[in-house]
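In the two assemblies presented below, chain A is common to both, partnered first by chain B and then by chain C.
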Partner chain A sequence: MSFRTYLLRRLLHIIPALLGLSILIFVLSRVVPGDPARLALGPDATQEQVEQLRREMGLDKPLVVQYLRYMGGLFRGDFGFSLRTRRNVAQDIKEFLPATVELTTVAMLFAIALGVPLGVLSAVRKDRPEDHISRILALIGVALPRFWLAILLQLLFAYYLGILPTIGRGPAPPVRLTGIYLLDSLLALDFRAFLIALKHLILPAFALSVGSLAQIMRLVRANMIEEMRRDYVLAARSYGLPERVVIYKYALKNAFSSALTVIGLSYGFLLGNAFLVETVFAWPGLAFYGVDSLLFKDLNAVVGVTIVIGVAFAVVNLLVDIAYGYLDPRIRYET
Partner chain B sequence: MAETILVPQEIRATRREELRRAWSRFRSSTLALVGLGIILMMAAAAIFAPTIAPYPQHAGGFVDFANTFQPPSRAHLFGTDDVGRDVFSRVLFGARISLSMGIVVLSIALAIGVPLGLIAGYWSGWVSSLIMRITDVFLALPSIVLALAVAAVLKPTLTNAMIAIAFTWWPWYTRLVYGEVLSLKQEAFVEASRSVGAGPWRIVFKEILPNTWSPIIVKLTLDMGFVILVETGLSFLGLGAQPPTPAWGTMIAEGRIYMPANWWLATFPGLAIFLTVLGFNLLGDGLRDVFDVQIEQWRGGA
Partner chain C sequence: MQKEPLLEIRNLTIHFHTFEGRARVINGIDLVIGKGESVALVGETGCGKSITAKAILGLLPPNAEVVSGSILFQGQDLLQLKGEELRRIRGRHIAMIFQDPSTALNPVFTVGEQLMDVLVHCDDQGSVQRWRTRRPVAMLRQRCVDMLRLVRIPDPESMMGRYPSELSGGMRQRVLIALALLQRPELVLADELGTALDVSIQDQILQELKDLVRTQGMSVLYITHNLGVARMVSDRVYVMYAGEIVEVALTHALFRRQFHPYSQGLLAAVPRLIGSIGEGIEGRIPDYVSPPPACRFEPRCPYRMPVCCEVRPPLREVESGRWVACHLYPASGGDSS
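Coming up: the complex of A and B.
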């Protein structure tokens, strides 16, 4: 099967899964005990007011009609009305999504930037102290509850040492282009704003990244150990190539491409844990918004956020597949 | 077929020999033993909480305003909280909640996931593709996000958090068993029992299922840690156990309000979560080496 057919096939898998997800979440949100209209208006509203809001929200229609209307709206960029923020959920998502994209991307970069070198170090110095230390760190990283680590980091770096900000993203850069502060400040060539944004990102992004960091490290280590035993490594060494070249240019290239799929899957960890870490750091992202909507039972917002997260997860995995295909053209795609 | 000529005693003897070998392999791994030790310690804490805890009455809604916010001391190993309850006693009781939560969630996930995986793997046709497409739907979202959405729809209680997590967890077992069955059904012993006239249900439950236990056991062990991470996360967000229940996640959420001055409130329950998860991971890694199984341990969001 060619790479293109493989990608098409993946897409054909993803689309029904996402549609199914939308049905699942939608149905879940409508079987909720308690009337969302009553919840929105509060106990003081009259029965007529509640009935009127129910009609406005289409809650009096059959479930299938409600779903089809909702999906029709989604494709026009209408995510329904949020009972909590009193505007279209699409507007809310547009406002809060960039902060989560920024946080999870930086966390993933941390995980790769630290996980890959640690994995290589561990593999190259197998069974030496460096290896033991990195492996123990990886075991700790997987087991740490992210929200607890977030609180401890806050306590240490923000309260006791006072060197990093405790909560939030800091002031917005003067120009909003992407909503991603790091990018916006760079595009405006405002390096002071860039530094401020970066300072706010360090703690939450690190707390979020530890699990992925540990997984990437373990996988790169395992793959590297396997690659270093292969003939081409021996051949490269026998030609007298410097060890650095053998490790980074030859072995790591192969070890990393097979670690890549895991990076896509591990993005799911980041998205999931963002709900906890954003809450601890009051990071005004989609997950933080999602948690508030969940607690308030703001159902349109809950459905919207979960669908956006499902799509984001699918897109990242598809991108990883594409990258994998380019990095490792040998790969065969089985049906 | 070797099995057909073994008499029951011999089979038992081989099994015992296998177990003995497995144990000696397990024993040679220090980390796995450390994991087992941690789990045993936590299980003991959970079972004997009422007797070990210095202040068992502090597990629920107890108040002692004379003793609020005591830092850790000999009388209160982990200090006291905002209403004067002993944090150490509450952490011990918290072990009951997290461990039983993990056991119940995984039992439900097994009860749903394993039969579906067996069916989807052994028979082919629209039922089995439907089952697998449904697992795709569930796995399209990081499990913690789906669990949050389900928990939010229900009333925030411990039982509902349990239902929500179990609801998101079974597809992993369907997928695992499905993969195992696909490869096992090609094996000679399945062919052999088919040739002597065994029906499909007999083959699936008596021949194939017993051979899928080792990867399932390894996954269950590793998953205990992940389920506890998700459960404490839900409780932390206020979508699981509610105060005054001494759930670890709830205690951290409550204690966080009184940071930074009263650091012990959130620190010790978190340490308990960390140790428990670490214990299950170490034990799971050890079992994986003993049983020599390869399983994809990729959680969508735990």
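Coming up: the complex of A and C.
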């Protein structure tokens, strides 16, 4: 099986996974107690009004019919109507998704950019002070509740030091192309706006990244320690290669490729945890929107958000697979 | 008779700090390799052969401790060298061919990149000089291709772009040889070369390496448990048992007659095509944490005498060019130089 066939197969696997996800969330959203029509219309509405809305929403039909109708709409790009924002859910998602993509991507970059070097350092200086300190920090990172850390960061950097903004994404860049402020400001060559967007991102992205950072660090450390014991490391040293090449090129490429899978999975945790961070930092993102919709029993919004996040997760993991094949030729040439 | 020495190991003693205690793995060995000479270090698995090679390159594991001794290479004691000085010796003056071709190549880089790395990163002096003498990549690449051709790899150009996982065991072994010889070292340490391959390919590769080092004038230390290999490739043989050298002889002399009981047992253990399989030696290599007090072979020796567990037999010259560490053989005429 060539690597291309392998990727194609992974791509095809996404379809049943997303179908399953849509069925699950569709059923779940409808079996939780509470009547969305009643919630939307408020306590003063008459029973007839509620019944009419239920009919309009198709809630009186059997579940299977509802589902097929919904999926039919989905394929035409119609996510249904939101009872809360009174707009098409697709429009809401378009508005809120970029903020979450931006937040989680930057958080992921933080986690990799800090987790990998710390993991390497910890492995190379195994059982020395540097190792102990990084490991304790990693443990704290995993254990700390995100929202609490987020509040502490706000207190320190925004309130006491006053060097970073407390909440929000800051003013939108003049041109909206992607909705990702960093990207939009760069595309418009507006570096001032880029800097402002970045300043707003640092605290929430860091707060969000800490768990993944610690996870990546621990994994890279363990993998590096294993790789450093291998024959090819000894062989590389015996050719007289400098230690930096042996560690950062020879061992790290091997150690990192096995850490990649976890990086893909931890993107899912980031999406899940994004809600807490988005709440604390008043970040107008999709996670925040999704949870609000859930509390309001805004069915179409809940299902829509879940499917979009599912797609995002699948795409990231597909990217990880591609990167994996790039880093490790054994995957590419496996027969 | 004796060639000018290139490498001289004197009284090397290495202990390992293990969970069970202090393991006295290398117990005062002497070993000389002359310029252009091929020497075999023979002994069963676990007798300390590989440790000796790693000690030469300064690549001992962290729990090893060099207790005493010296390793003189071109008049310089390798054991006194600091990290960076030692790194400049490795590969450029002394190189090692690793024993397992399936694990000693980095799986995620092409053959070409691994060869190029050695030239790019190892052939440097200081950074200033490197800048001044930086050679074009094409030239370095040509050197790699030439080296692959020298180790008889067919189509070396395309080999440069291949990954180790695409190669057969024999090809990987050739690549490892190319990596070791790339910087034209004076001394090559071949650790169990070809053991992981099937016998016909092993013979072929050994023969080729033997011819290659002869034409390049390199010295080689073959580390092997296989007496057949030693006979094929070496000029002189050191027989090692439990971290000690028990017999040294010219290869043809050793195969004519073995003096030390261990050497005799080792040769008798070789299976032959005609007749029964070899006899083998009773028992196993002793425990290094609490080895026998005097002669380490005494518990397994068919000729043991009371003196064998009281006095450690020194390595004595019993006839010209032959040293034996055994109480059975008194020194010949007293001249031991």
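The rule we apply is simple: the second predicted complex is superposed on the first by the 316 of 335 C-alpha atoms of A that agree within 3 Å, B and C clash if a C-alpha of one lies under 4 Å from a C-alpha of the other, contacts with A are read in each partner's own complex, and residues count from 1 in each chain.
In this text, contacts are C-beta pairs under 8 Å (C-beta built on N, C-alpha and C of every residue); 3 or more make two chains touch, one makes a residue touch a chain.
Quantities reported herein were computed from a predicted structural model and do not represent experimental measurements.
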Which partner does A:Pro129 reach: the first (chain B), the second (chain C), both, or neither?
neither
Partner chain(s) touched by A:Asn273 [first = chain B, second = chain C, both, neither]
first
So, does A:Val32 touch the first partner chain B, the second partner chain C, both, or neither?
first
Examine A:Gly42 and indicate which partner it touches, taking first as chain B and second as chain C; both and neither are also allowed.
neither
Let me test your reading of the model: by the given contact rule, A:Leu265 touches which partner, first (chain B), second (chain C), both or neither?
first
Using the touch definition from the top, say if A:Asp231 reaches chain B (first), chain C (second), both or neither.
second
Would you sort A:Asp328 into first (chain B), second (chain C), both or neither based on which partner it touches?
second
Determine, under the contact definition given at the top, whether A:Tyr239 touches first (chain B), second (chain C), both, or neither.
second
Once chain A of both complexes is superposed, is A:Gly162 in touch with chain B (first), chain C (second), both, or neither?
neither
Does chain C touch more residues of chain A than chain B does, or is it the other way round?
B
Shared chain A contacts, counted only where both chain B and chain C touch the same residue
none
Complex contact set, residues of chain C against chain A
54, 57, 59, 83, 87-92, 95-96, 98, 100, 103-110, 117-118, 121-122, 163, 165-166, 176, 179-180, 182-183
For the chain A and chain B complex, residues of the former touching the latter:
13-14, 16-18, 20-21, 24-25, 28-29, 31-33, 139-140, 142-148, 151-152, 154-155, 159-160, 262, 265-266, 268-269, 271-273, 275-276, 279-280, 290-291, 294-295, 297, 302, 306, 309-310, 313-314
Listed in rising order, the residues of chain B that touch chain A in the complex are 31, 133-134, 136-146, 148-155, 225, 229, 232-233, 236-239, 252, 256, 259-260, 263, 266-267, 270, 273-274, 277-278, 281-282, 298-302
Chain C contact footprint on chain A (complex, rising order):
230-232, 234-243, 245, 249-250, 253-254, 257, 327-330, 333
